[in-house]
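Two complexes, one shared chain (chain A), two partners (chain B, chain C).
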Partner chain A sequence: MANVLVWAVWIVAAFSCLASGIAVVSFSNPFYSAPALIGNLASLAVLYLLLSAEFVAAGQVLVYAGAVMVMFLFVTAYLGGRADAPWAGGPTWQQFGAVLAAGAILVEVIVVIGLKAGGRLSHEARIDSGFGSPHRIGRVFLTDHLLAFEITSIVLLVAAVGSVILGAHSRRSDTTGDLVHSEEAGARP
Partner chain B sequence: MSEPWWISVIKAGVIINLVLLTFAYTTLLERKLLARMQLRFGPNRAGPYGLLQPIADLIKLVRKESFFPTAAIDTPYILAPVVSAFTALAAFAVIPFGNGWNIWRYHVNGVVANVPISLILVFALGSIGIYGFIVGGWASESKYSLLGSMRTCAQLVSYEVSLALSVLGVVITAGSLSLVDIVHNQAHSLWYVVPQAVGFLVFLISGVAETSRAPFDLPEAEQELVAGYHTEYSGMRWGLFQMAEYVNMITLSGLAITLFLGGWHFPFAHGVDFLGPLWFFLKLLVLLFVFIWLRATLPRLRYDQLMSFGWKILLPVATLNALVTALVVVWA
Partner chain C sequence: MRGPDVAWYLAVAAFLFATGALGVLLRRSPLIVLLSLEIMLNGANLALIAFSRLHGESSGQIFALAVMAVAASEVVVGLGLIVAIARKRLDLDVDKLSFLRG
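And now, the complex of A and B:
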């Protein structure tokens, strides 16, 4: 019974993952592509849930489907219909390269499945109740993968500082903006 | 302790209805309290003391024609209020409201869904709920709606960071992300509002901003934007947006109670744990009163004040609070 349920959820999640992935690249209006990408990330989160990775699933929804995609939607709504102008087709070598890369990944996936399917995929991994819990993930982060964890945090810090500096720079060079501000201040009684 | 699945389903139905009832009467409470604070009477025609006013409002909203701008983009326009209302209601599922009861042969948990990462789940649902506001404003094809949804988006994203950081102190102190564990940890010790007073203050302020309540109600500043992202909505679609806002307020109050105010515990009442929902509800009423009181007292912030307050004051304070808490927990 439980196995049937897992299969049913897996099939729904996997197919909605594929369908929303295709929808992301085939919509011409970016405001439809963004919700499709949210659907894609959400169905990935369901797949993570099936793999007993609750924390990763919640993090996926919170960070990617929530915070990051809000920025995408914000920018596309802000730009309106102009947002799709830079990607009207693109040069042919880019299309060719994209198809080539996608084909290479597909071949890689098939090869990996073929290599691993020799009896090893049917084994159920032995996982205990603590698997995928925040405690376990935190321990792994701060022991085995400490270097990667710290490097990532430094990269993120540099990105944050860089974006602040870029924002401050563009504000300083924007003289017309200053003029408008001073006029507004003067007009106020 | 596990319970049969049909108990969970019944409980979910009961809780959803109770939350909706609380939402309906929060609107009445708000109108009454605001009126009293402004030396008026408030609604007092429908039923004794105006108590049937929310029911009358509901019947009016359901029967009202749902106007539809011709330029609106159908599917997102219709789905947006649904997404917002759904995520707002779903988030309440993980908030514990009692210790659990043994009824006949069955054990009934004091929470609809006891998941080990419930705190993250609440934030995840909250971040999905924002889409309803953005997509609704965009799909209306109206300048005011779009401006309102842009403001909503920028404000919610800014204050979500402080909100998440402010609860980090509680998570570090309790050592768990499960709301049930956090409540149990407060049973025989001080409520976390005392050691985490700064966190509580930051949580409350960013919570008011997250629910777009005054003085942070810029997304729907009626003097500038008509009504913000739901300008072009009417009838029950507008009602769903309104419901999402009030239910978010109730859920956020419930989260504040769970994290900082001892959940369903009450001082000196350890023998009567079965009364948990009553204590929870009383605390909820106090917090809702504070929300309404703030609205009656404080004027709206200017937009640049809102942003600089969120990023330059709340965020550093919340970060420092989390750091200091971590240091204290490690050394003590």
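And now, the complex of A and C:
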């Protein structure tokens, strides 16, 4: 019975994951794509839970579906949802090539998985109930993977500083925008 | 609790990665290109976590958390670039942004 339930949850999560991924790619307006990606991330969190990665699932919802996507929606709202019809004017050779390349990646990955690891993928290791818990993850992160932890924090810091510099530079060099101009004038009386 | 094998999760991860790659190659709006990149990273994350479960080893989940941090930084810088492009009144079209000089 529990078996059937796990399969049912997996099927629902996997299909909503794939469907929302296709929706992100095919919506013409980024304002609809962003909520579709939130659905994608939420159903991925369900898959992570099924793989007993509780902490990563929580982090996924908090960091991705929370922080990153809110920022995305703000920027989309700031720029205005400009529609960009993906299939306008019939398929070009470029789009044909894109579909071909994506299909090639898919086939390649599946063939490699099937050939290289086919038989070994059904013997999952036995795990205890603490696997994937915040306690376990925190312990491994701050002992064995301390260097990765520190490098991650440096990467985040560099990204934040770089983004501030990008924003400041574009504000300084832009002399045509009226809004920007008045802001600068207000800042330097 | 016996659910689907790890191979099923890997198949979903491969589909997600291919969907994201399709979006990156096909779409011209940089915002949607960034969203498709997120899908690709999440496909890789799902594979990492599936292998972490297969081997009963937490390191894969650590790697997935690091990938999430990198994805967050990538979105921050990418959105900063897109806002800078929009401020310069350029078209938000990756095909037309063929030069980088300001």
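Assume the second predicted complex is superposed on the first by the 127 of 189 C-alpha atoms of A that agree within 3 Å, B and C clash if a C-alpha of one lies under 4 Å from a C-alpha of the other, contacts with A are read in each partner's own complex, and residues count from 1 in each chain.
The working rule: a residue touches a chain if its C-beta (ideal position, glycine included) is under 8 Å from a C-beta of that chain, and two chains touch if they have at least 3 such contacts.
Note that the structure is predicted; figures quoted are calculated from it, not measured.
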item	value
Which superposed partner A:Phe55 touches (first chain B, second chain C, both, neither)	both
Which of chain B and chain C A:Phe72 touches, first, second, both or neither	second
Which of chain B and chain C A:Ala159 touches, first, second, both or neither	second
Touching partner for A:Ile38 - first (chain B), second (chain C), both, neither	first
Chain B versus chain C as contact partner of A:Ile105, first or second or both or neither	second
Greater chain A contact set [chain C / chain B]	C
Contacts of A:Val12 with chain B and chain C, given as first, second, both or neither	neither
Contacts of A:Pro30 with chain B and chain C, given as first, second, both or neither	second
Chain B and chain C contact sites that coincide on chain A, given as residue numbers	55, 59, 67, 71, 78
Chain A residues within the chain B interface of the complex	31, 35, 38, 54-55, 58-59, 61-62, 65-67, 69-71, 73-74, 77-78, 133-134
Interface residues, chain B side, partner chain A - complex	76, 115-117, 120-121, 123-124, 126-128, 130-131, 134-135, 137-138, 146, 149-150, 153-154, 156-157, 160, 177
Interface residues, chain C side, partner chain A - complex	1-12, 14-23, 25-29, 31-32, 34-36, 38-39, 42, 45-46, 49-50, 52-59, 61-66, 68-77, 79-84, 86-89, 92-93, 102
Interfacial residue positions of chain A with respect to chain C in the complex	2-3, 6-7, 10, 14, 17-18, 21-22, 24-25, 27, 30, 33-34, 37, 40-41, 44, 47-48, 50-53, 55-56, 59-60, 63-64, 67-68, 71-72, 75-76, 78-79, 82, 84, 86, 95, 97-99, 101-103, 105-106, 109-110, 113, 117-118, 121-127, 131-132, 136-137, 140-141, 144-145, 148, 152, 155-156, 158-160, 162-163, 166-167, 169-171, 173-174, 176-177, 180
